[in-house]
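Each of the two complexes below includes chain A, the first together with chain B, the second together with chain C.
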Partner chain A sequence: MSVTLPDEQTRQAAPPRAETLLSVENVDMVFGGLKALNEVTTQILHGQIKGIIGPNGAGKSTLFNVVTGIYTPTNGDVCLNAESLVGLKPNEIAERGIARTFQTIRLFGDMSVLENVMVGQHVRTRTTFLAAALRLPAARREERAMRERAHELLALCGIPDKADTLAGNLPFGQQRIVEIARALATDPKLLVLDEPASGLTGVERDELVALIRRLRDDGMTIVLVEHDMQLVMNLVDEVLVLDYGRAIAEGPPDQIKTDPAVIAAYLGEDAGSLV
Partner chain B sequence: MQKLLQSQTARRIAQIALVTVLVGLTIYFAAQKNYRPVQYVQLALDGLRGGTIYALVALGFVTVFNVTGIINFAQGAFAMLGAMIAVSVNIALADLPGVPRLLLAGLAAVLITTLVGVIMERVTIFPARDAEPLTLIIITVGVFIVLQGIALLIWGTDSYSLDSFTTFETSDHIIRLGGEAEGAIPLIIRSQSFWIWGTAAVLMAGLWFFFERTMIGRALKACSDNRQAAALMGISPERMSMLSFALAAAVGAIGGFVLAPATRPIYDMGLSLGLKGFIAAIIGGLVNPAAAVVGGLMLGVIENLGAGITRAGFKDVIAFLILILMLLFRPQGLFTRQQRVEKV
Partner chain C sequence: MANKYGDVIGVAVLAVAVLLIGLFQVFQPGGATFGDLTGGIVTFSTMVRIGILTIVIVGLNMLMGYAGQISLGQAAFYGMGAYASAVFSTRPELFGLPESLVAMWWWPWVVILAAMGFTGLFAYLVGRPILRLKGHYLAMATLGLGIMVYILFRENFGFRTTETNITGGYDGLFDVPRLAIGGFSLWPVERYYFFVWAIALIVIVLAMNMVKSRPGRALRAIHSSEIAAETMGVDTASFKVQVFVISAVFASLAGSLYAHFQAAVSPAPFSFEGSLDLVVMAAVGGMASVWGAPFGVATILVLEDLLRARLDLIFEGASGEIEVIVFGGLLVLIMIFMPEGVFVGIRNRINAWREERAGAAGDALPEQGAAK
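Moving on, here comes the complex of A and B:
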């Protein structure tokens, strides 16, 4: 099984790791009287895996929805490669290179696994409506290339034999893998995973971790929200901790594990003061 | 829980009572007419022709509804425009021989109507895209009235005729099956019926190919499956909305064009076509193209058989009775087992 991204050759040389890919600056997100995000600032560097953790309702999913354009932040700025994403629609942000998966799986259930992945490639296609309708050679060539690429992505994700299965009929864990393959098909610069391990069995979880590691080794930048603390701490380069919409700590996993503010947030104020 | 059970039982009883009454009425009327079997077949065949057009109009409803969540009541106007534009071009090109003349008429009808569909979406739906679906539906009703008004200005209140695709004259071929024996009744099929069935079959195969085998078709399908997930894959919901209207307009126009020789096209034909197409789409559950086609064919056959055993004027009564019964008892369509659960 291939462990390299198929378009590795065509991808431009990755910028040095220290360079910022995504920057979130002083983002506020207010719903009515509720401040779901309060002056959140963070940077995600090229090639980094960043984990976002925090108690329920801390604003993790809200932050994802702001980054992917589902919400427009009340204040602040989100930039991908120094280009602001605020005000762009989700499909425009996807075009600029951010792809995501969902906490609750949102595959196109009536399509085959392969078709789901091919839909992800839609954003990178050039064939016009007319060319497709007339079956021009260029359109057919592109269609064939996309089909091949989709097969390669499924192989990369370890499910090459599921191409023709109806996505809705797959076991839960594999659906999640298909979501990742579909996100990869958009050829993203940043992959955003919303609770990728939730609901997975032990084996599925291990496969997921292996896949994320493979992707990182290929130079993919990944940000993930996850409740499984052990998984986060073993996998990521850096952790951002949210609590009540605020970023209360950020740093390498080892540092976060012993951070008093984090322990307080997870165990309650009293326990925190004991540390 | 008990209340729910009671209401379900009451529903069941009402359903059974209704079905019994309808079956009883059907048998009563049919017995009075004393038709021969071949006459029933004739009624069903004629109904199948109208039903095929309803199916095409219903496909337009389903396409737009799946992608945008809007019930586009201007759909009937697309079919009307298809028929009327074809008629006008056919008259304007009277000097040309039959084949190129009708081909150009059909092409013009489809292209212009598609353009109307696109303009409608850009001018009336796109600016209001954040409004409630109900608001957008009312907008489509308004667009329908406007389109019909424009048609009235252009074509007046006269009814027209379009040459049959087989004879290239207003008179159509009639094919007789059987009836040679003394006293036997022949089965009569107009050749235009074959054009209608053939065109619809080719069109449906084409649509299937478009949705299953092309990237844009797949994107459209993805958008109707889950709009937000599709947007996050980089598919623009707004472009897909425009495309769905273009597609619905084109399919409607083709329906109007092939129907034209079998009817007398008139500026207000869109109303009944649109409503019947809507009923067909409802029978099919509004989201399933194949079920909508079956719904259209069923509606055509049932209303024509019903009118045959009662009176011709009862056709619409029967169609709307079906609509009311569907909305009351099976709003999810005849072929859907359970209601689709909307994902949050």
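Moving on, here comes the complex of A and C:
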């Protein structure tokens, strides 16, 4: 290791907003003959909300799967705080600070909402089978703390009264919120949301947007995929546009709306939705 | 409320039931033994066997019911405990240990613990590669493991000569000593019964503590969605191996208790059929419930006793095959009408019934209903 310079130390203590949290460098993801991601490069800055848009099959979910370790990229590198994540297992990436939700909800349906959130805390806790079996004081203390924290997170997400409901019995919209609460429970640096608003009613959508804004105000960095252009353009700081696995444009929402390449990609798809 | 103290009450009820049955057998009020109580159908020794197998099924339940990982070879671990106890507590000299150990009261206990450790290590080593497999593939791999271990027992590890007779082949081993603590023997059977059930209750409590905590939630998460569990930070490979090892250690303990109970071991209970029986007991009791274990074992063993004793009354001259057919039919009926298992099924039905009544009462007393 090199000698740490004084200014580097201060930077570590309080990362300035403009510093890169996640960098994706020249990532390819090939499935058989299909290049689902083709030399994708992008940066996500601390405290930023980044939107990823693109037609169906553009590779948005694939990019998330690469970032969270479900897929290992064929080529390229993914770094969190300049540390490569390639080759790490999803649980190791969760430990380093990336949490996600899924396009098709993957809650633990036969567990209560509270228990779902407590599974999210798994990575920040340590009670072993043995400690749990013997109900050691440390295990009981940790269990109590987890329970309290989980209740706090449910309150933060606006569903404090759902703690004891089976996750699978919740209405769809609230299931999406529980997925976010569960992801937050991992205490992430980066929150990755795959189509968090899809299937939500208007009211649920507004609540979701309010929640995401609240998280951003608390300093959370967020990447989200969303098809609803209005929602994306109102919410995010920057947009990345994927088309056939390629990053065809990137920039602030206003600039993206008028980008000719983006409009071309969406022509025939759903051109009207861009406006 | 019922939820919070339900398990504590459950342990208490089970302990009282165990105590009552044991005391009845000890004091024999009116000269009747426990067996007489059931018309000679269910014997007291069946009660001991229920306790022993409960220990196996609690572990299997954690593996299958909670973590969702099937094992069709669990009898192998059960057998490893049984054979280790039978071999080492009778003939330690086979493995270069002093023969005089046989006379020591503490020696069988050392063997039991060592067998648990060895079986756990074995489960760890085979579990790491095997548990990468999923579904049918895992079923096949554990099945193969079970058959392999069974054949090693049956074929005396491949030794044909009598000088190196380790497992006794088809005939098995005899004269396994009873357990004792100092000068206090855990025999006759009434003492052993209390001892076995004390262990079974401890295992139930340990397992309940585990499944209700962080590692238990990790197991259920793996069962529900392995991908989601992993992205939430659960090291799925490690937790699967850990629960596999726990289930193997419990099975080994039960196997040792079985050997000292029968005072003999033979390969048959540890065959593929033996493993299947264990899975059936787990399923009949109810998979994702520690409580299902004693219920599942009791249901199966009592049914077996019943059929053996009474079938000839229904079918004149009924043979063993008819017994198997009727037994299978009953299992099919149980799984059709209570697919969640007998214990879980009954509990769910009682809960639903209570909720219905609470709902009716809640209309009359809204404040209480809201306070829950």
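Following the convention adopted for this analysis, the second predicted complex is superposed on the first by the 253 of 275 C-alpha atoms of A that agree within 3 Å, B and C clash if a C-alpha of one lies under 4 Å from a C-alpha of the other, contacts with A are read in each partner's own complex, and residues count from 1 in each chain.
We adopt the following convention: a contact is a pair of C-beta atoms (placed from the backbone, for glycine too) under 8 Å apart; a residue touches a chain by one contact, two chains touch by 3 or more.
Computed from a predicted structure; not experimentally measured.
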Chain B and chain C placed together on chain A: clash or fit? clash
Check whether A:V123 is in contact with chain B, with chain C, with both or with neither, and answer first, second, both or neither.
-> both
Give one of first, second, both or neither to describe whether A:R182 is in contact with chain B, with chain C, with both, or with none.
both
Message: According to the stated criteria, A:N75 is in contact with first (chain B), second (chain C), both, or neither; which is it?
response: neither
Regarding the shared-chain residue A:E115, is it in contact with chain B (first), chain C (second), both, or neither? both
For this session: Return first, second, both or neither, reflecting whether A:T104 touches chain B, chain C, both chains, or no partner chain.
Result: first
Interface residues of chain A shared by chain B and chain C, listed 68, 70, 89-91, 94-95, 99-100, 102, 106-111, 115, 118-123, 125, 127, 129, 132-133, 139, 142-143, 146, 182-183, 185-186
The residues of chain A that touch chain C in their complex are 68-70, 89-91, 93-95, 99-100, 102, 106-111, 115, 118-125, 127-129, 132-135, 139, 142-143, 146, 182-183, 185-186
Per the touch rule, the chain A residues reaching chain B in their complex are 68, 70, 89-92, 94-95, 99-100, 102, 104, 106-111, 115, 118-123, 125, 127, 129, 132-133, 139, 142-143, 146, 182-183, 185-186
In the complex, the residues of chain B that touch chain A are 210, 213-219, 221-222, 225-226, 228-237, 243, 343-344
So, in the complex, the side of chain C touching chain A is made of residues 206-207, 209-210, 212-218, 220-221, 224-225, 227-236, 242-243, 246, 288
